[in-house]
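Paired with chain B in one complex and with chain C in the other, chain A is shared by the two complexes that follow.
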Partner chain A sequence: MTVFWLMDYLLLALTLGCAVLVVRLRNLSGAVMALSAVGAFLSLLFVVLGAPDDAHSEIVVGSIALPVLYLVAIGKARAEVRDTGDLAERERR
Partner chain B sequence: MHTVYGALALAEIAIGALVVLRLALGPTVADRIVALNTVCTQAALSVFFYAAYTDRSIYLDVAIWFASFSYLGAIVFARYLERELL
Partner chain C sequence: MIVVNYLASAALFCLGLYTVLTRRNMIKMVMGLSLMESSTYVLFISMAYRSGSTAPVLVDPPKGRSPEQLAAGNVADPVLQNFCLTAIVIGVAVTAVFLSVVVRIAQHRRTLDADRVRELRG
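For the complex of A and B:
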């Protein structure tokens, strides 16, 4: 039983850490890969909580399909979002 | 014996945490792709050991999906890296 709680808290911490990484990473492709890691750890959390069917759809959608969709969108837009300070200035006005 | 399997599943997740550190620090895109593929592999192994720990064979299905779809994701990421769309 203690293995269950340890895996539960470890996976929650890893999911949260990867979600913070998605926001904090400056590289866009790196952020997309951190999003894919969020999906992988979330599906692992579903397995630990005893819902393998939810884990299936989370692997396919959250870990592969959604990051690939983001990659395609970034590749088509070719957006250079580097200067967040300028962006924040524009938001403030 | 079953406790050993549980400890092994925990250890795989801990290794995954170390690989996430490389995903955060990795200077190049290739580093991050390899780190992501390794995370998915460690997750599949952890699901395998967790299925052995809980004696439920339905979890093995999730591990097979993890393995096959991490391969697919690595292929797609490598294709977009090759065409330099990132």
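For the complex of A and C:
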């Protein structure tokens, strides 16, 4: 039981530390990597708490798929795209 | 009943809420929403855990235990774990929708700053 509490406290502390890093980091790619670490530590916490199926889906989604989505979104937001005004949107000047 | 996990979940939720309320970069705001979703996962799994329980994979009872003992609380609650599984899947879909909206705004307005998108300001 004491090993359980040790793992529980350690993984909770690592998760909260990485969440603080997500908030504090100015570099967007670094914040995305910290979010990926939050997902990885969360999935380890789920294994400790007896939920291996949730750990599996969390490590696939929260640690791999979500950072890929964020990195693609950051890259597309920084790309130069000519706005052709589809959907009849017009920039008001 | 793990009070420390509940407190950590509340701290994670407050951290995400702080990010949404104070950051102006819209991608950072979506990251705050992801942190708030993670806090709900921690809350569900911590509520499903009982003292000394194992994973609810009921092919056979653990060695030396009868099925009646399993019903008395030697496995974690599978209902809340299924809630958590549903929340994870819905969470990634919702985050993808938020990110596509942010990318659309960024391509249209050439900015990621939420204070400079003022058309819907109340």
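Going forward, the second predicted complex is superposed on the first by the 78 of 93 C-alpha atoms of A that agree within 3 Å, B and C clash if a C-alpha of one lies under 4 Å from a C-alpha of the other, contacts with A are read in each partner's own complex, and residues count from 1 in each chain.
The definition used in the following text is that a residue touches a chain if its C-beta (ideal position, glycine included) is under 8 Å from a C-beta of that chain, and two chains touch if they have at least 3 such contacts.
Because the structure is a prediction, the values reported are computed rather than measured.
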item: Combined model on chain A: chain C and chain B, fit or clash; value: fit
item: Touched partner set for A:L6, first chain B, second chain C, both or neither; value: first
item: Which superposed partner A:P52 touches (first chain B, second chain C, both, neither); value: both
item: Touching partner for A:G62 - first (chain B), second (chain C), both, neither; value: second
item: Touching partner for A:L28 - first (chain B), second (chain C), both, neither; value: both
item: Chain B versus chain C as contact partner of A:I74, first or second or both or neither; value: both
item: Closest Cα approach, chain C to chain B, once both complexes are overlaid on chain A (Å); value: 9
item: Those residues of chain A which chain B touches in one complex and chain C touches in the other; value: 28, 52, 74, 76
item: Contacting residues of chain C [partner chain A, same complex]; value: 2, 4-5, 8, 11-12, 15-16, 18-19, 23, 25, 27-28, 30-32, 34-35, 38, 41-42, 45-46, 48-49, 52-57, 75-76, 81, 84-85, 88-89, 91-92, 95-96, 99-100, 102-103, 106-108, 112
item: Complex interface listing, chain A residues touching chain C; value: 1, 8-9, 12, 15-16, 19-20, 22-23, 28, 31-32, 35, 38-39, 42, 45-46, 49-54, 57-58, 61-62, 65-66, 69-70, 73-74, 76-77, 79, 81, 83, 89, 91
item: Touch list for chain A against partner chain B, complex; value: 3, 6-7, 10-11, 14, 17-18, 21, 25, 27-30, 33-34, 36-37, 40-41, 43-44, 47-48, 52, 55-56, 59-60, 63-64, 67-68, 71-72, 74-76, 78
item: Residues on chain B engaged by chain A in the complex (per definition of touch); value: 3, 6-7, 9-10, 13-14, 16-17, 20, 23-24, 26, 29, 32-33, 35-36, 39-40, 43, 46-47, 50, 53, 58-59, 61-62, 65-66, 69-70, 72-73, 76-77, 80, 83, 85-86
